[in-house]
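Per-chain residue numbering starts at 1, and chain names A, B, C and D are given in the order in which the chains are listed.
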Amino acid sequence: MKVQVRNVDNVSVIDCSGDVDLYSSTDLRGTLLKEMRSGKPNVLVNMTGVSYIDSSGIATLVEGLQLSRETKTRFGLFGLRSNARSVLELARLHTVFAIFDNEKEALEKIATTEPFGGL
Amino acid sequence: MKVQVRNVDNVSVIDCSGDVDLYSSTDLRGTLLKEMRSGKPNVLVNMTGVSYIDSSGIATLVEGLQLSRETKTRFGLFGLRSNARSVLELARLHTVFAIFDNEKEALEKIATTEPFGGL
Amino acid sequence: MKLVINTDPRLLHIVRSVIRYYAQEAGFPEADVDCLAMAINEAASNVIRHAYDNRPDARFSLEVKSFPDRIEFVLEDDGRKVKPEAIRPRSLDDVRPGGLGTYFIRCFMDESSYDSTFTGGNRLRMVKYFSRRVSSSDEGSSQERG
Amino acid sequence: MKLVINTDPRLLHIVRSVIRYYAQEAGFPEADVDCLAMAINEAASNVIRHAYDNRPDARFSLEVKSFPDRIEFVLEDDGRKVKPEAIRPRSLDDVRPGGLGTYFIRCFMDESSYDSTFTGGNRLRMVKYFSRRVSSSDEGSSQERG
């Protein structure tokens, strides 16, 4: 898996690609938590290139969601492929994340997304 | 591995990517022999995306070289990564193939390359 | 097929590839192939994390057996014995990291149980039938052991 | 580590991944890791092609053992017995498809030999030392069996 951060205006976009599993989710976790702790107002995870995500990857995203409430970061995901979406749905977590179809929509809407109160 | 054919003027460029092994070399073999038998005057194998090639891949290229003499096709390779180049060198086959650095050079030089008499 | 490898998360992609191959060979549709690979990935991840506390240099084995009506997976380790009653998939209303692995295994497999007679560490047997049986026993006790 | 899998060329990438992992773990530099993965790929390809005539549903096993001074690979099959004298890497002046696999194995391994006492099909043992020994016996008879 590859994890890279881009800054688009005041949004941190974390581009992930490959398989997110017990090995690679530690990279995503490190990057995600660092971006939130550094005070970025908006953090998006780009899942366009993610071909596989397992429970440790999902757990990482949930951890990000929890931290985003503490740090008051607006946090969202975009570009989920159908298998990643299915896994989130199976875990009944698709409703707790702000999920956008693509980067354009995510960048347009993230700043006006309600901070999450679902946790 | 992926194998795709492009026609650039009167040159067939066979784009290969991934690992060429006992499984995938059959695809490359089929495409290579078909292009030569169909009477294409120039055939190039683009190895830019080839991350691994084993003896069955090398054997496939040698088979192409042999057929190219019968069909009077000008045949060359380009874009070899260092490991593919090492494998050809180890097999002492780097001198029997027309090897170009990149597509530009290959397209410029293939039509004026001497047909191979080394076999 | 049988595989005996280190408890290193860097090898999980190999476990998934092998499972995908055998599930495809057995004739499962692509959606099931994905689910089976994920279930075994979760089971192996749990061996690494819970039976061996993330030690990467221990070993576990994975065996895949195809039958006319089903495919069976057996995962054996030499680590700390699981208390099956401790394995409780989290409730889905509970949004927290963790607790998902055993839930996914339960979703994707028709049967999943620890062999209580196994003398080493743990022996987890998982079964998927070709046409998923849906019966009351499946939904109930036999899966809760997973 | 031990792997027992089908004689299917589609599984060779898994063999290479596993070998790469263990060669890296053993501390070999990246160039040697590539060579070891390739050598075992060639040995496994030969089992598929020559011992089993490309039957994809037979089995072979691969074992990797690390020692302080070396790494050992043992490939076992249940196929047609190899006549070691029949295995002659082609002369390098000879430009033809084929004959390269055993040549690459000989290049990349320090030792390679068939176990003549093995009662099944074939048992090929290959050894790579950490700092490659270069001695006359290496260059000669012990490698020609590979």
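Simple rule for what comes next: a residue touches a chain if its C-beta (ideal position, glycine included) is under 8 Å from a C-beta of that chain, and two chains touch if they have at least 3 such contacts.
This structure is a prediction, so every number in the text was calculated from the model and none was measured.
Asker: Please identify each chain that touches chain A as well as chain C.
Answerer: none
Asker: Using mean Cα positions as chain centres, tell me which chain lies farthest from chain C.
Answerer: Result for the farthest chain: B.
Asker: Averaged over CA atoms, how far is the centre of chain A from the centre of chain D? Could you give it in whole Å?
Answerer: Spacing between the chain centres: roughly 44 Å.
Asker: Nearest whole angstrom, what separates the Cα centre of chain C from the Cα centre of chain D?
Answerer: 32
Asker: Check each residue of chain C and list the ones that touch at least two other chains.
Answerer: Only 8, 10, 13 qualify.
Asker: Give every touching pair of chains, nothing left out.
Answerer: A-C, B-D, C-D
Asker: Spell out the residues on chain C that touch chain A in their complex, using ranges where they run on.
Answerer: Touch residues, chain C against chain A: 8-10, 12-13, 16, 34, 38, 41-42, 45, 48-49, 92-93, 95-98, 100-101, 103-104, 107.
Asker: If you look only at chain C, which of its residues touch chain D in the complex?
Answerer: It comes out as residues 1-6, 8, 10-11, 13-14, 17-18, 21, 25, 59.
Asker: Which bits of chain B are touching chain D when the two form their complex?
Answerer: Residues 19, 21-23, 52, 54-56, 58-60, 62-63, 65-66, 83, 87, 90-93, 96, 118-119 of chain B touch chain D in their complex.
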